[in-house]
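Presented sequentially are two complexes of chain A, the first with chain B as partner and the second with chain C.
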Partner chain A sequence: MGWRLIRIYTILVYLFMFLPIAVVVLLSFNANQFGSFPMTGLSTRWFEVLWNNDAIMRAFRTSIVLGLMTAAISTVLGVLASLALVRYRIPGRNLITTLLIAPILVPEVVLAVSLLLFLNFLNFGKSFTLLLAGHVIFTLPFVILVVQARLVSIKRDVEEAALSLGASPRQTFFAITLPLLMPAVAAGGLFAFTISFDDITGTLFWKPGGIETVPTQIFSMLRNSISPEINALGTVMIVLTVGLPLIGAAIARKLATRSGL
Partner chain B sequence: MSIEQREARQPWILLTPALTAVTLLLIVPLMFIVVYSFWLKSAVGADTPGFFLDNWQEALTDRFYRDILLNTLKISAITTIACAALGYPAAYFIARSKGNKVVLLVLLMLPFWISYIIRTMSWINILGVSGALNSALMWIGIINQPIQMLYNETTVILGLVHFLLPFMVLNIFVSLDGIDTNLEDAASSLGATRWQGFLQVTLPLSLPGLAAGGLLCFVLSAGTYITPVILGGPRDAMFANLVYEAIIGQLDWPLGSALSLLLLMVLGVLVLIYNRYLGMAQLAKGLG
Partner chain C sequence: MSAVSLSQIVKRFGDYTAVHQMSLEIEEGSFVTLLGPSGCGKTTTLRMIAGLLDPTQGDITIKGRRVNDVPIHKRNLGLVFQNYALFPHKTVAENVAFGLNYRDVAKDEVKRRVAAALELVQLPELGARYPKELSGGQQQRIALARAIVIEPDVLLLDEPLSALDANLREDMRVELKRIQQSIGVTTVFVTHDQTEALAMSDQIIVMSEGRVEQVGAPEDVYNTPATEFVARFLGASNLLDARCTESAPGRVLLDLPGFPRIDIPKERAPRVSGPGPVRLVIRAEKLHLKAPGSPAEGMLSVDAVVGNVDYQGQSARYFVRVGDHQMQAVNMIEDHPFAEGERVTLQFRAKDCAALPVESRP
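For the complex of A and B:
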């Protein structure tokens, strides 16, 4: 009896999480010109409207460039730091870990304010660079957590075998460690990209006037009212942010099986 | 240099870029706004450096700020409790189910990848005047006129719960999944009912996960800026909205610094208490 109740409860919890999102997708295909219920038919007109909206397309380009740059920088910093934390015995390891994870322990508003004010004091006002610096700093902890978790599962034996067979440390890194690390690198980069792509709070503080990312663009559109265009944009975002990691996971799995370890 | 010395230096070379970034972009800026919070905003031009207590006095004694701070903590507490109540049974179901565990977990992770602002605004489609619920109620004939269900404290909490629930479920799941099921069997073979076994064995062992999820939910909702703007009314501002208003709206950066630090200190105390009793490792487990 108890188990059945828990099952029904769980189904309701999942419905609670997914029903509103399903409604966004459903309404984005709504033919009704106000984009609300009752639906009068199916149509892709809102996606066409979206495609022809210059502001949104510009926001998309900004978000993608910002996300890619954030992912590149964060992943390099994060992978190097994770290697040090997992592979070496270093004094003060806990303190260093806490320090590196600190950006997610500090509320994002506080992080945003302090970075904005400090860089402004150094005559470095709101700019794309500030935006990038901000995105790097708060995606870094996530990259480190993800990469560390994967690194722990790679055995040192393989590297030691290569070294004992006469490979130089550099050869060992590029021939053994890096290929084994690739799934972790890919996962970290993907995570950083998605978090950057999705961020709004920090971005609102850091972005210079005239630059919008997709979330801030949606935010300013929501000020007026919810239009079917926003639902269509939401659907595109869902497809992108859910589809990308799934493709990424598939590639990571393929890489992992090909290396055979 | 000997090999040992090089070996000992290597991790620090690897750590330098990340540590430099965190120091320059987080630690130093935080120290900077501590200094800045004692400066004074001047009507024209640059703020006046110095040691003035005005901003702190305003942040700590103004009733307006205090009420919003207390309200923010109240909303965060309700959100956290609601997440625990909704999340615990679901996490238990996932941890103890046999066949479809992976599917359930992947589904649970999906919302992390779906844009926060999209998830928040999706409630307008449900509860808005021309939303799903009003349309359904009118279609059934319970109401003739659509009712405004949005833009109040309840919808803010609803939006926060919807946003934070996956964090809670995931953390509880991680600790439930680590419990040896033999313990429950042992309890029942010693004569405990399933419910007793749960209360006295499983629940206490899963408390670290519950605490980690609770901390995340509380801290994330207390720092939230977007949800009250989208789903709340004019009187449902939370503390982060005050900070935004001071910094971006009023351009009163010294006061904004003091308000940010106040929020940081209140939440910092919570994190410290948590760290004292449970340690950061549990938190890392649920995030990784």
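For the complex of A and C:
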């Protein structure tokens, strides 16, 4: 009896969480202009409309470029920071770790406004660079958390062995440390990309006029009407932000089993 | 010229001094063991030779070259760790070839030398495997092959056998010694295991609290400990307070209550300078328990009562009481071990005794 209630309750919770998403995906294939049931037929016309909508495609390109750059910068910075924090005795290590992780804990609005005000104070206007910097700031903690955890598990002995065999510290990093770190680097990069791709709060504050990312574009479109294109766009976003990390995780696992870790 | 020489090495970590004024000469081609309990500074010393730690003071030279300012990757050393430290993302062959890739060695020469090294450690067929597919013993052999394939000036072994099972450890001990002798590489071995040290070394350096206690061949260190620490650390020893009554040329006479006068050769008491209090050292396996009244045949004998008996199969360790002294003896068992409470005669040779001056250090 009790178990049955729990089961039903669980199913209801899942329905509550995923039904809206399922509806969006379903309606994106609706042939009818108005999103209502019963559906009148299946069609991919809204994806075509989407493809031909210049504003959306521009936003899409912006999002991809922004996401990739955020991922690249965050990953490089994250790996360097993790190396410094794990491999070297630096004074105030705990404080630095906390500060680097803090952007996760600070409400995004606060972070967004403060970065904007700070840069205004320094007389920097809104720009793509500001937007990129903002995204790097709040994706960096995720990269650091993942990479640091992995780096701790790589024994110093292995690096010392490479050094003793004649590899310089730099060669040791590229031949030993980085390959062993790769699953975490890939996972961190993917995190950074998806978080950046998804973000709206910070982006609304930081983006200069005339630049839209996919979420801000959807946001402005929704202000006018709920167009069926948005369902299609939603479907594409879901595929990207859910599918990519899954593929990434699978690749990471494959890499990890091959290298025996 | 020594292969490795340390002169007046000091290593401090903050206020803590890990190594005090250590000087050491290691001969070309020899197998030298740094032996001591954990925290005695042996690993710190090894890491300084390797270049993984910088000495606070003093000079380190390898083959006549001062290496204090030479980073580890330019020292041409072979390093083997307790945990193997193989590169998990590389095959066995790639692991072994790793060091050769940073030296000017032609491709087919690399192949030949990797094959030869794998042959030497008797694992010629494992080149294509990954380290996780190997047993601990196999991994340690590969780690050894990886370290010697570069023909290092010095091979440094940091407790390489400690992670292995007991049986495997004995096999590896023999194997390691065979490989070292066949290539003749100068080897510095760090261990806390006296059996390994005694079995493998040309020379043992016993360390305690960052200081060298004694340097010598295994037999010398075992038979003629230079300090109380060495006497206690190697083997099971009895240390008794005695008095030196006379120090004649070539011999030392000792008195202790309840015992006959002990007349030991001077070379077993090199540091006893004259009459006064001394410590008598006698190994547990040099004390023989006999039935009361057994003929002594040139041995000294005292009456004793058996206390606890620690039965070990082929041998037994007896704790015996001689007057006020508690002593231990390890004897092979002939028929039955002696029983607790039994009266026995304890026999030993005077030349198996050693004497040390009484130390002021606790």
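Here is the rule we use: the second predicted complex is superposed on the first by the 241 of 261 C-alpha atoms of A that agree within 3 Å, B and C clash if a C-alpha of one lies under 4 Å from a C-alpha of the other, contacts with A are read in each partner's own complex, and residues count from 1 in each chain.
Following the convention adopted for this analysis, a residue touches a chain if its C-beta (ideal position, glycine included) is under 8 Å from a C-beta of that chain, and two chains touch if they have at least 3 such contacts.
Being a predicted model, the structure only gives us computed values, none of them experimental.
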Partner touching more residues of chain A, whether chain B or chain C: B
First (chain B), second (chain C), both or neither touched by A:K155: second
Which superposed partner A:L163 touches (first chain B, second chain C, both, neither): second
Chain B versus chain C as contact partner of A:F124, first or second or both or neither: neither
Touching partner for A:F173 - first (chain B), second (chain C), both, neither: neither
First, second, both or neither for A:F47, with chain B first and chain C second: neither
Touching residues on chain A, where the partner in the complex is chain B: 2, 6-7, 9-10, 13-14, 16-21, 23-24, 27, 34, 36-38, 76-78, 80-81, 83-85, 87-88, 90, 94, 96-111, 113-119, 121, 133-134, 136-137, 140, 142, 144-146, 148-149, 194, 197-198, 200-201, 204-205, 214-215, 218-219, 222, 226, 230-231, 234, 237-238, 241-242, 244-245
Chain C to chain A touching residues, read off their complex: 50, 52, 71-79, 81, 83, 85-89, 98-99, 102-103, 130-133, 143, 146-147, 150, 156
Residues of chain A that touch chain C when the two form their complex: 155, 157-158, 160-169, 171-172, 175-176, 179-180, 258-261
Chain B - residues contacting chain A, complex: 10-12, 14-15, 17-19, 21-22, 25-30, 32-33, 36, 86-87, 89-90, 92-94, 104, 107, 110-111, 113-119, 121-126, 128, 130-132, 135, 139, 162, 165-166, 169, 194-195, 219, 222-226, 229-230, 240, 243-244, 247-248, 253, 256-257, 260-261, 263-264, 267, 271, 280, 284, 287-288
